[in-house]
Every structure is written in structure tokens, then in C-alpha cells.
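Take a look at the following structure, please.
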Amino acid sequence: MTSAAQDFQPIDSAVTPRFAEPATFMRTPYVPDRQGVEIALVGIPFDLGSTNRAGPRHGPAQIRDMSRLIRQVNASSHIAPFKLCRVADIGDAPVNPLDLMESIDRITAFYRDLAGKGIVPVSAGGDHTVTLPILRGIVRNGPVGVVHFDAHADTLDTLLGSRINHATPFRRAVEEGIIDPKRTVQIGLRGTRYSDEDIQYGYDMGMTIITMDDFEAMGRDKVIAATRKIVGDKPTYVTFDIDGLDPVFCPGTGAPEPGGLTMRDAQVVIRGLRGLNLIGGDVCEVSPPLDPSGHTALNGANLMFEILCVVADSVARGRKN
Amino acid sequence: MTSAAQDFQPIDSAVTPRFAEPATFMRTPYVPDRQGVEIALVGIPFDLGSTNRAGPRHGPAQIRDMSRLIRQVNASSHIAPFKLCRVADIGDAPVNPLDLMESIDRITAFYRDLAGKGIVPVSAGGDHTVTLPILRGIVRNGPVGVVHFDAHADTLDTLLGSRINHATPFRRAVEEGIIDPKRTVQIGLRGTRYSDEDIQYGYDMGMTIITMDDFEAMGRDKVIAATRKIVGDKPTYVTFDIDGLDPVFCPGTGAPEPGGLTMRDAQVVIRGLRGLNLIGGDVCEVSPPLDPSGHTALNGANLMFEILCVVADSVARGRKN
Amino acid sequence: MTSAAQDFQPIDSAVTPRFAEPATFMRTPYVPDRQGVEIALVGIPFDLGSTNRAGPRHGPAQIRDMSRLIRQVNASSHIAPFKLCRVADIGDAPVNPLDLMESIDRITAFYRDLAGKGIVPVSAGGDHTVTLPILRGIVRNGPVGVVHFDAHADTLDTLLGSRINHATPFRRAVEEGIIDPKRTVQIGLRGTRYSDEDIQYGYDMGMTIITMDDFEAMGRDKVIAATRKIVGDKPTYVTFDIDGLDPVFCPGTGAPEPGGLTMRDAQVVIRGLRGLNLIGGDVCEVSPPLDPSGHTALNGANLMFEILCVVADSVARGRKN
Amino acid sequence: MTSAAQDFQPIDSAVTPRFAEPATFMRTPYVPDRQGVEIALVGIPFDLGSTNRAGPRHGPAQIRDMSRLIRQVNASSHIAPFKLCRVADIGDAPVNPLDLMESIDRITAFYRDLAGKGIVPVSAGGDHTVTLPILRGIVRNGPVGVVHFDAHADTLDTLLGSRINHATPFRRAVEEGIIDPKRTVQIGLRGTRYSDEDIQYGYDMGMTIITMDDFEAMGRDKVIAATRKIVGDKPTYVTFDIDGLDPVFCPGTGAPEPGGLTMRDAQVVIRGLRGLNLIGGDVCEVSPPLDPSGHTALNGANLMFEILCVVADSVARGRKN
Amino acid sequence: MTSAAQDFQPIDSAVTPRFAEPATFMRTPYVPDRQGVEIALVGIPFDLGSTNRAGPRHGPAQIRDMSRLIRQVNASSHIAPFKLCRVADIGDAPVNPLDLMESIDRITAFYRDLAGKGIVPVSAGGDHTVTLPILRGIVRNGPVGVVHFDAHADTLDTLLGSRINHATPFRRAVEEGIIDPKRTVQIGLRGTRYSDEDIQYGYDMGMTIITMDDFEAMGRDKVIAATRKIVGDKPTYVTFDIDGLDPVFCPGTGAPEPGGLTMRDAQVVIRGLRGLNLIGGDVCEVSPPLDPSGHTALNGANLMFEILCVVADSVARGRKN
Amino acid sequence: MTSAAQDFQPIDSAVTPRFAEPATFMRTPYVPDRQGVEIALVGIPFDLGSTNRAGPRHGPAQIRDMSRLIRQVNASSHIAPFKLCRVADIGDAPVNPLDLMESIDRITAFYRDLAGKGIVPVSAGGDHTVTLPILRGIVRNGPVGVVHFDAHADTLDTLLGSRINHATPFRRAVEEGIIDPKRTVQIGLRGTRYSDEDIQYGYDMGMTIITMDDFEAMGRDKVIAATRKIVGDKPTYVTFDIDGLDPVFCPGTGAPEPGGLTMRDAQVVIRGLRGLNLIGGDVCEVSPPLDPSGHTALNGANLMFEILCVVADSVARGRKN
């Protein structure tokens, strides 16, 4: 593995067929000691923040397995992330499946350590709660912008009496000053709501909310332009709740909401983020027990690759500066 | 259950998690005695009218289960049906799985009783035959208009020698004078046909047929406008055969026809029916044995909710007049 | 529902087919106010005590659904539990999917209330942690005997640093003086272990451990005789972790261990408990996301029925005394 | 196809791989005109007699597909049925999925025609109702003996008000004088019952009922000996409801009852029928929608092969006499 | 079967329900001796050219089964192929699952024989390698044009050291002079690539490549117009790799690439080929083990029907000239 | 990874939950450079020797994933293999999915290299062909004994014209002098056969064949005793074709044969091999596409663990001598 880690290239599928060898994210080398890594692919096998159907704890494993299908170059943007940066699978963030708060703290510490080493993370959840400890760990110099794909705003104050769960991370992150609501864009919101006030917090804080109705009215190009304008050239994080997609693309998720984004929508918009100042990203809420076929995880793996491409492009550009 | 029935609110998912308690439609109270109910959510576990793959008899059970995911407010239209009306799950219409004609008669009587009590039904089938006994039961003062989403016209004269089955209900209803073909719109027709004459009856009777080719050529806004114009402000019923959707949205149905509506199409068009004089609606042909994942039933539950929203809006407006 | 609750008979499947109406346990009346109930069928949708694959939170829903297949009379023992006692589905114990300890306390209070009303519970989990709050709630006069079917002893001191989880309930229960280890029999233990000491606590405390090797060497008759002798005629509780069965009978469980009991084994041994002084029972660890076919839940429902039969027989005898 | 029909040998899997060519029963030639056929393999795609979960209408198709795995010789009995007799797939009996009684009549006529041509049928259902029209069609000279594997007696008088359904065929057959209850053996009965009287008719008529409790107490050898003695050397029919097996062997069936026969039990007992005077047989209640994996149909196909072996042996011996 | 073959009409589903009788492509008569056949529906159960997930060897069987749902007339184009031409299922091309090269040769010979008899093939793969031996067999007078739907160009020189596999057929066909790259259109290309040069060969040879980005930018009408112009009125072959579709339409394929064509896209574009000089077509890469639900095969069957319609139209026109 | 490799202990599931981190066999360290390894767990992702349903190429991946459930100590034998020996996952043997013979040669070379380093392999297939190159690689000093669990003898001369496939390995191995037929025991043979001569080669060569009929007649103890006597104390290899089990235990295999071994049978017999001179073992024919639930792979992982236990015991004893 030493040599693999040295040149940081994925297993060559023209030599070793895709079904062979233990699965790592996109067949990248497994480098748990993180030596030389610029971009870390990380799993967060956590779902204690789920209030309905559990399962995303198994997300990293199935995304790793389905990411065997990913090759090296993005056919649309021509970005070749493994050429641009030293990318590796560094394993999973530590969690305790019996303790929500301890897990949050352990994940935070894990990402803080990465940030201290200058490693940029692209992560696979886990339920959407995990974006909070990721951001707690990696945000160091004031609040960051966020491009947030989701069916739900995840800005409730509490759910079932709890302040830390998959319905609240972006409210907590605003309160803690780690994300800037005025540089936050939420894309794809829709579905039934507990009350008409469910997403009011975002509007009140100055978030830009592009519901599915808005998305369709605007069209992709305007969505991309608006997003780029809002987050600007300051540090920005990308988070993709798989349920931002229409459920046909993610039968394996806990809270599917019909009438959502297509994979094509998601791919085009993420590609449109190229050139931004990106500090990392994640894909969350892939729940393998609800989709043993792996179709949801395949989409998750592809979204993770799209995010990796624009993040690697950003990291490579940053390196030159 | 008395108190639940009194205030007619669904179980509060911020107190009782979605996976708990026996499943009723959208977590509404189960009120088999119908006391105080304005809008009844009804299951019709019947599929003896199916000529190919059976299974919709299990539709109500799986739709109930997946409707746990429905919340209280429509995020696009802001309609809150459980605030507007007293909505309850009143259980299933009676059927005999060994006797087609007896079942039809029992279903008819069940709906006639509801109509006599002034209760408006929103139903979950069952195969599409059930729309006939529903209409026989609830239509009292001359033929009604119909908005009919489907891949198939369901206006054959006979199939396999039978006049009552899931390929014939709308022809029978025209013949019986309970629907007005000139106020009937069929949306989404497509697929292979037994003969080029399969849907000619509708054209001959003056139905408005918007095939998938038409739908795409017109666009949603024109489809909505045309539909509203045709049905006008007289009593109108909404019926949604789940196979009106593309099969990716309904793998669990008996006669899937590729190239159909998206859930987004369906949601937008149903929302466009707001303000019409709606007397009820149904979602049919969800076949759980063909989709144990529940993805089809999830879409069915969401369509049922969309229909409920516009029906509740209509009922509430009617109450004021 | 009032009349149903009055005579406490399940829905008659010779009138209303099995696939109709909302699912309750064994089609018994749903009586959330518990009026007149002697034996309560209860769901506990809790799985925060799971350390690997989650899912049993959905157990009660799927067991209710598959229990539609249960009829009224036990063909082997001829016990007709719904004739012997007033049996009803009283809904689910309250839980908070975001808080393990709060859930345990709420479940305990729920069962304490039942015990206070003299209602005997037969429950469907939920992971095996739930047997602890059940016993905390219902044991009032000193420790009870336990007949415990399982692949695992569930007597670890801690797992992942936690004292309350699905690997520890019977140790806690001994420590708390609510079960009598000398009147406890564990049947079916097997599988790989963390260490050779995993089940030593049980031996040390005087539990009777019948491993699969022992079970096979003894044969069912001797297992029954030994069990009856050990628990004697004092109050005894029956708990069945579905993974006591061979995984072919329970693909939908979190910790399957090949080489286990057959359903026939389980049925015969439970029937062999007839005549004991039984204060309740449960079936745990049915995990629907891991078995959408419902085969595991079908077996769970049948085991629940077998336990109900011997419990109802005990309750009815106790009533006479 | 002419040549295939002439020598009546299955497709040779050492030349044409198992996954190739349209599926026929056991890869035998498809001979819908029945010319030269001695033993006909027949499908009966009928399930209108089902009172709960439908699906056996698809049984013949899936059994055909899984029977690709069957080879030519029985490894235990060394019977090579395709060498002993001219065996062919003659297609399916005619049915009308919209008309129970018409279907029964058409099936009866179909089998009567076979009997008239001296062709012995081995059939794949279909729900268990189909054994009645089969027997009506083929029994010509007084009542025949029956070896009946099942979890249920299927001797109710009526169910849901109907006299013809999958719970009644053997009562009707006794009443019509086409089976001799004193030469009828029912093997594997168990499960929950509507009432303690459910199977009393069989006892009253003199049927031999070997419940699962009896089966286990007797052991296979005594079961075989008793069965052979009871049916004697007069014409006997074999009917196997797949739910006679434990549900692990038949997840794809409508009324599974845990605690049943193993495939090994079934194989050994059917092999033990060799030498009897067998006039045909069937395997029923395989429901593909409930088991898309085909595992149930695989067992169905193997049971059909076992029955074919003993029937072919009987036909070949009869030919010599 | 003789009569069926004589009039070459599919089984009439208004007489024989869809689930009955052995499955042939679109219920056409099975005519392995090919007498009188104009258009042959052929299966090629071959997948030795797959480099990742196998399974297409089972494609013909599942496509046959799902094609039971196809009726006789195309609702959009009104083409009735079974009226236009004598269409039959002639069985499967011969293969050896243990020998890639022998299989290729046997398939080639099989198609050469068809071509010699003037029979036009519409085939169901098999992996995409099979288009090479099909073309080798049927192309006689110089290179033909190709309309090629796919996520991948399939024009690599070698993969895993092999020149014959599912990543190379169109390069080999160009080299062998059986297809004309200047009359070849590739539609739907996208996804991750081994290198940025993966599809360069096509550009270099003068193929017209319409990537998904191009497709969306052009719109369907321009894609159709461009395709018609490029292939002109000389002989043209249509080949559809099911993975040209978005994976929601083909979960059962070996190399799914998110962001692809919808079924509606595919239907409209294929219908747009009407009037071309079409010499055959195929649908490949349906992998049943990866989609037991049959949804992928249903789409495959419908695409095969769409191709059949335009091919039959071409054959019928050719006949008149 | 260095430290993990140094102490060669599996990931401690009391610290890192089972669902976390990339999957290796039984969570052992991944040591592709093999430094310090005594027993290598190896995957062989090869299935080009399959003549019917493919898929075992994915076996190693799914067995790795399901082996997360394995703990450290055998509860019956008390063997703790990771304490006895330095056990590691060394990755997969090299294969070419486009070239059967090249794959066989590469696998042979891989195992020859292991043998040269004194590393004992316990492998996960792959189809059963792989046992031939394993044995070619590791057998050095004359033929070895074999304990072979299987439904099939795998001693045909050729199948489909090929001498190297999953139906022939043990005949080839006898011919090549690498296994000693007189020290070979085949356990579990049954099922339908191509001809009555299918397994005659084994009898002729002096193999001991314990068919399922024999197995049942003898009982496990006699089977163990006979096996131990036949293989004696000379070097012996253990190979387990998963289809030796009844299909309920292995729905995910290519050639299931009803009426086979239970997992309990297999566990007890393998444990009975303790004390023999074991040089390695394998588990083959797990086909994940046919069982996405992982149940088959779970059994495969457990059998691999059972074999590992007796092999580790043998290696540890050998080390002392």
C-alpha cells in the first residue's frame, strides 16, 4: 500500500477489474495515517440524528462499494481530480452508535485534526446531522458560505425535544457563527411540512432559498448564476442531502419527497460551482437497508465525485496562489 | 381514540415518531363510525378487475404505511387540509375477494352511504375498476366531470368477455349517465394498444384526451388551463391511475407504460385544479407485491395528499357558501 | 370500534378479508384506552440499543402487518386465546428516537402503568434492550424467572462504553433484582464471541444455559422438562430474540448467527411452557429494513401468537383461582 | 420443433446453456398439439380462488423459468423420466382472470380432453382450487385416492360465502365422488385455525390426517408406509400445496405456516410413493410476486420433477401390463 | 404452432391472458425453423465480453417475460408491426458460456445464415459485444450506418488486454469495414472516463458524437434531424445499449452512468428514425440478476418494440419497391 | 496500518462499530505485502468457469462485507484463530474477466508464491473452478487429501466442450496428481443429474462419496469418523461449495439443489476436522447478484471462519512440532 499511497492513484481498472479488492472510495488508496493526503475521502457511519427511518450508518460502506464504478476523468468538465490532487480514502470518522452527543464530539475532533493538517475533506454520511460536526471541525476563520442541496431546510430549532438531529444542523451552525446565512443557498426544498413556518428561519436569517418551484421557474443557468453570486469568492462548503433528488434517484433514503431534482440537474449545478473557493463537501442520507440494489449509493458516489472534481480544482488553484 | 376523533388532527410526529402506532392514512384518526367526518380517507382492497398482474388489493395497506411520511402542510400551495376540514381514515370499503360483482355492489353501497351523510371521499384503490362503484355511489344529480390521469383510456367495451373490469369503467360510467364525457379530461395516455381503435370511444363521446405527446407539446400550463376550462365549475371528480406516471415512479403497478408523467408533472397539474368544484378523488393501481420497497405507494400517498388538498379547499369553500 | 372492543374478538376473516383494514396485532381491536383489556399486545418501536444494524424500530409495524395471517386457534395445543381472555392491541409504548435513556424511562413508565391496571403484556420489539424497561415496569414482588431464547446471552457488562444496550439487559436485570438468575434459562446460545468469557456471567450467577450444542444433545423434550423444573411455578417471563432462530428463519435481524433453532423447535418448546405461571412475554429484534419480504416478521408474529397462547392459558387459570 | 417433439428429449444443457431459449417445463419440448405425448406438463395460471394474497397465476411462468435447473436423472431413485416416457410441455390450461366459475369449467374441459387422449398430467398451479377441475377432468371410473401435502386441509364447506375456492376443493371432490376420503392422506397440516373444527370434515369422512405433530412423531418411514397402505394399488393422485413446506422453503406463497416440512422430507416421502398406481399430480400455490428470487419456484420445480419421476415410473409400468 | 406460425400474429391477450403460456418476445409465435419469417426476434444470451458485473446472458429470458406487456400497435406512430410483416421469435443465437471467441463465431454464423435467408433481425442481448458478430453476419455490401444509443462510446482499442469485449465493438467494426464511421451517430455519451482520450477514436474517424451535454443543448428535434441527415438513406443499423438511459430506467445493467436519457427521450428519437433504410437493431446490456423486478427488462422490451416498429415500416416499404 | 499488521488482530468491535471502515475478511488487517502473515484470507473474484448463472466474481466483496459480523472466538470449539496465528486479508488473486485460461494461470502463480513463502491460504471464491489453480499452486510434495462439501461431484471430464470449468476441477486435480482420490471425501452430493454416470469417476478412482442419502443414514458422528479415517494425518485441504447447503441457506448460488445440508450440519462436521493436518481451505460459489440480502454470504463467511479455526489450530500445532 505504500506505493499506492505514494502516487495516490486509484486502482487501475484496466489491470484489476472493478469487482476485485476491498472497496475504498473510488478505488483510491486507503491511507488511514493520512501521510501526504491533500483531499481526504471520509466516511461518517452515523445516523443517531435520524427521527424516522435509520440506516445511513451503513452509507459509507455501500457508497464505497458502488464507487467502484467511478473512473478517473469527468467527461463534461474534463477535470481529472486524481491528477490534480493527492486524494485518498482515510477511513471513517469515529462514532459511538449508542451515544449521539459523544459521536458528535468525536466527529468534530476528527475533522478538526484534518483541518489542522491542511487536509480538505469530501465526506460520505451518515445522516445530515454530520454536517454540523464537520463544519465545527473545519471552520476556523469566521463563517463560511454553504451550497446546500436538500428537500428539507434542516433549520428547525428542535425536533422531538432535541436540538441536535438531522432537522437542525444549519440552524445550529448559524447560531454558532460557523456558517454565514447570507452566503447560504438552499436548493430543492419542497414536500409536506409540519407547519407553514418550517423554513421561515432561513428566510429570516437571509438565506437564499430556491425551492423546487423556484428551481423550475428559474432554470439551471440562473440557479447557478445566483448561487455563484451569493457565495462569492470566499470559503464555501457544499453539502448534498441525497433526498434533494427525486425519490426515483434515491429510494434508499429516510425522508423521500417526490418531485425533486434529477441527477442531471444535480450534476449540472455542481459542475457550475467550478471556480468557487471550496473548502470541502459531503453527501448525506444514503440509507443502504432501504435500497439493497445500491442504486441510491451509486448516485451518492457520483455526486461525491462531482463535488470532488470542483473541490480538487479549487484546491489545485489555491495551491498555485 | 375519542379525543383524536374529536379534533381530527393527525398524530403529531413531533411527539410520536413516524414509525410508531398502527398505520392510518396520513396518520389521521381512525373513525370507522364516521361521526363528524367531512372528508373520508377510504381504502378499497379490490383487484378482481385486473386482467394481468394482480396485487392492488394490498394497495390500501401499503399506502397507509408509506403515508406516515406525509406531514400537515402543502409546501407549494400552503393548503393545510387537516386544518380546513375534519379528515379521518374510516377504514376500507367491503369486498369479497371471491366475487367481482358482489364486491362492486358492496362498494357502491358503501359510497352511497357516505354520500348520504354528506361525507366527501378521497380513496386509495384497488384496481381502477373501483372508480365505477365509487361514482355510482356518490353521483346523485346528473353526470359529473372527471379529471383522469392514466396511461390507458379505460374505455373499452369489454375485455376477456367482461364488461366490468379495469379497462372499462369510464365507458360504463358514460353509459350510465354518471360522468359527462364532454366534461372529462384524460391525461397521460400512451403505450402500446390492442388496436388503433382502443381509445376511439373517448374521442367519439367528446372526451378531451391529452396523450403524452399532447402533454409534452402543450406544456403543463396549457394542460391546466384546458382542463379547468373543460370541467368548468360544476361538480368534478379526480381519479389518478398510478400508471399515468412513468414506470420509474411506479414499478409497483400491473400495466406499466414507459414514457409517462413525472411526479412533478402530476403534482403541478393537480395543484392547478385548486378552485374547482371537487367532489372527491382516488389513486388506483398501486400493487405492493410488485414493489415491496414502497416507492410506488409513497408516490401514491403523495398524490392522495395532493388530491386531498384541492378537495379540502373545495369542501371548505363550499361550506362557506 | 366500541363494539369490537366490547367483545374483544379479532376481525373475522371469513367476513373481512385479511388484506383489508388497518393492521393491528392479529387483527385484534385497537383499544388505546385499554378499557377492559386483560392481555395487551404492545409494540415497542425502539432500536437505539443496537450496536450494529438498526431497524427494529420498524418491527411492530411489520409484525402487525404480517400478523394478519394469524387465525384464532392453535392447531397443536387447541388454545383459543381470544376466547380465553380479552386481548387487544393497545398501540405502541412511547419512545424518543433521539434519546436512548429517555426512551427507556418512558417505556418503563408505560409498562408500570399497565401492571398497575393488572394488564398482562405480550410485546413486539424493538431491539432486545426493551426487555429491561418492560421488566422494570411489570416486576413488583421480587425477581421473576425468565425463559430466554436467543443466540446471545445479552449479559455483557458494557458494550461500546454503555451499560444500557441490547447486549446487557439481563445483567442489568439481575443486578436490579428483577430477575432471578437461578430461575433463568437461556436457550439457543451460539455463534462467534468477542472472548471466551462473554457468557461467563450467566454461569457465575447460576443461570441455566442451553447452548445449541446442548439443545441438540438434549433434544426438545429434555429441554422442556429442564426449563419447567428450573422456573418452577413462580412468576415467569418469556422473551424471544428472533435471532435465536437460524438466520434462514430471520434474515431480517441485526446479528444473525447460523446454526440456530428452527421455527418448529421454537413452537414446540414454547408450547411446552403451558401451565407455568406466566406474566408476559416479548419477541424482539425483528428488523424490517433487512427483510422487506416480511418472512422474519411472519415468524415473529407466529412466535408472539405461541407466547400469547401459553400466557392466555396462564391468565385464564389465574383468574379462576 | 418437430424433431424435438419426435424424440421428446429436453434441450441438452451440455450443448445449449441453461439460460438460453424460451423456458418450458424442465426444458422439455413445447408440444401444444399434444401429438404423441404420454405425460403432459401443464401450467394453470389461475388464482381467483385465493382469499388473501394473490399471485399464483404467475406460478407456471416462474416454475418454467426455474425448472431450467432440472437435469434428466433423479440421483436418489435413478429414475430417468424422459427416458421412460414421452414427456412434453403442452402449455397452459385456459382461464379467464375475470371469471372464477368460467375458468373452473374451462380447466375441467381441458383436462377431460387430456384424459380422453390417455395423456397423464403433471401440473403447476395456480392456487389450490385448481385440483378440483383437474380431478373433475381426469377421474372417470369412480373415486381415486389422493396423497395431499399441505399446511391446510382445504376441506372447508364455504369461505367468504363461496363454495369454490382454495379452501374447499377436497370437500367438493369428496361430495362429487371423485376422490375417496378413505384413500386420502393429508400430510403436514398445522398452523392457526379459524376454529377447532376446521379439519373435522376430513376426520369425519375417514381421511387419514398426518399433522406436523404426527409427522414428527411417526418419522418419514412410517409416514410412507402408512400412506402406501391407505392408498393401496388403486388409482391415486398426488397434490402438493407448496405451503406444506416450512415458509423458509416457500416465502413465495399466500398462506405460509411456520413449522412445516423440509424439502428433504418432501423429496423422501414422494420418492416413497414409487410403485403406486399414479394417475397424475400437481404443485400449487407458488406465488412469484411474493418471491421474485425464484427460490419458491425452484422448490416447486423440483417437487414437480419428483412427482414426475414416480408418475413416469407408474406410466411405464402400466404400459408393460 | 403451425397455425400460429402461418398467420404470424402474437397471442391475442383478449383471449389468453398475458401471464399464460411460455414467454416469447412480444408473444409472437416461436418459429425456430424460421419458415416464412421476415423479421426475426432473436435472443443472444452472451455476456463474456463484460468486464465488470455479468448478467446479460439472462437478458433474453427476462425481456421475453416482460414483453408479455407489449400490445400490437404503437400509440404514437400508429405502426402495427405484426400487421406490416411476418414477425416471429426464432429462439436464441448459439453461445458457449465457457468460450468467448467460439461464441462470437457461432453468433456470427447464426446471423450470416439469417441474412442469407433475407430475414431481418431485431435482437435482445447480451452484453454489447454482440453487436459485432451481428454486424459481421448481416453486413454484406459495404459498411452500414449506425444509430448508437449508449453512455459509452465502446470504441476502445483494448480493455484488460483484450480486443473483443463490450468496450470495443464499434472500433473493430470500423476496422473491419462493416460500419461507416461517417454514417455513425452516438447518442447519450457521458459519465466518468478512464482518460480524456476514451472517445477520441470516434471523433478521429468522423463519427458524430452527441453527448448528453450536446443532447440537452440541441433538444430532441435537432438530434433527430442531425441523425437522419448523417445516416441518410443508405442501410442503417440501430443499437441501443440500455445504459444510454439514466440508471433510474435501468438499474439492471452493468455500468450505469447517472444523468442519462429518459425513456421518453429514447422513444421519441427512435420514432424519429421512421423512414430510414433500416436493416435491423438490438437492445443490449439488460442484466436481470441486477434487477429482479424486471423494470429494466420492461424498458428493454419497449425499446425493442420501438425499434421493431421502425424496422418493420422499413421492411414493408422495401418490399413494395 | 503498520501497527494493525504488526499485532494482526481484527478491528475491535467494542471500539469501532461493525459498520465502520472498509470491509476486510473478518475485519482482519489488510496486508497486501503479506509481511509476517501466517494464514492469508484471500478473495478470488472469478466466475468464468460457470456454465449457468454467473455472479461469484462478486463473492469476495460481499463475503468481506458480511464477515463484519464475525467475532473472535468459536463458541463451540473455543478456538480463537486470531490468537493462534497471524491472520490477514491480503487482497484478491489476480484475474482477467475476459480470459478464463489466463486467469487460471495467474491464480496458480499467486498461490504458488504464497506457498513459497509458507503462507497458508483460506480463500473465498469465485466459482468452484478456482480450487484447481489453488491446489496447483500450493501442492508441492505429492497429492493431498480433500474434504469436499458440495451438491455436485465436480468430476466431469468436460462440459460444453471445455475441460476447465466448475464441473471438472477434481477430475483434473486427480489426473494431475495433486489430489489423492483415495484420501478424498465428497459430502452432500444429490440433485438431478445429466446421466446416471455423472459421479461414477469418483467411485472408480476410489473417492469416498457420502451422498445426502448416505449422510442422513449415517448421521454426523459417523460422517466425521469416516472422513477422519480416510484423510488420515497427511496433508489435507478443505473445500466447501456453498451449494452443498440446502438452498434455503444459499439462495445466492448458481446451481442450487434442494434437500441439502443445514448450516448446523456443516458447522458440526467442519469442527469435527480439528486435529487433522490441514493445509488450507476455501468457500466457493457465493453469488451476490442472486442474493443481495447477503444471507448467503453471511453463511459463507461463517463457514470460512469455521475452516479458519481448524486450519489455524493445525498451523499452530505444526509450528510447535
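The first chain written gets the first letter, and so on, giving A, B, C, D, E and F; residue counts start at 1 in each chain.
We take it that a contact is a pair of C-beta atoms (placed from the backbone, for glycine too) under 8 Å apart; a residue touches a chain by one contact, two chains touch by 3 or more.
Just so it is clear, the structure is predicted and the values come from calculations on it, not from any experiment.
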Number of hops, chain C to chain F, where each hop joins two touching chains: 1
Most distant chain from chain B by Cα centroid: F
B-C, C-F or E-F - pair sharing over half of the A-B contact pairs: C-F
Where chain B and chain F are represented by their mean Cα positions, the distance between them in whole Å: 55
Geometric centre distance via CA averages, chain D-chain B, whole Å: 41
Whole-Å gap between the CA centroids of chain D and chain F: 38
Touching two or more other chains - residues of chain A: 17, 19, 51-53, 57-58, 96-97, 159-160, 248, 290, 293
In contact (per the touch rule at the top): chain pairs: A-B, A-C, A-E, A-F, B-C, B-D, B-E, C-D, C-F, D-E, D-F, E-F
Contact footprint of chain F on chain E as seen in their complex: 47-55, 57-58, 96-100, 159-162, 164-165, 289-290
Parts of chain A lying in touch with chain E, wherever the complex brings them together: 13-15, 17-19, 68-76, 78, 80, 248-249, 262-264, 267, 293, 295, 298-299, 302, 305
Residues on chain B engaged by chain C in the complex (per definition of touch): 1-2, 16-17, 19-24, 30, 32-33, 43, 45, 57-58, 60-61, 64-65, 89, 91-92, 94-97, 292-293
Chain A partner contacts - residues on chain E that touch it in the complex: 51-53, 159-160, 189-196, 198, 211-213, 216, 246-248, 251, 255-256, 258-260, 290-291
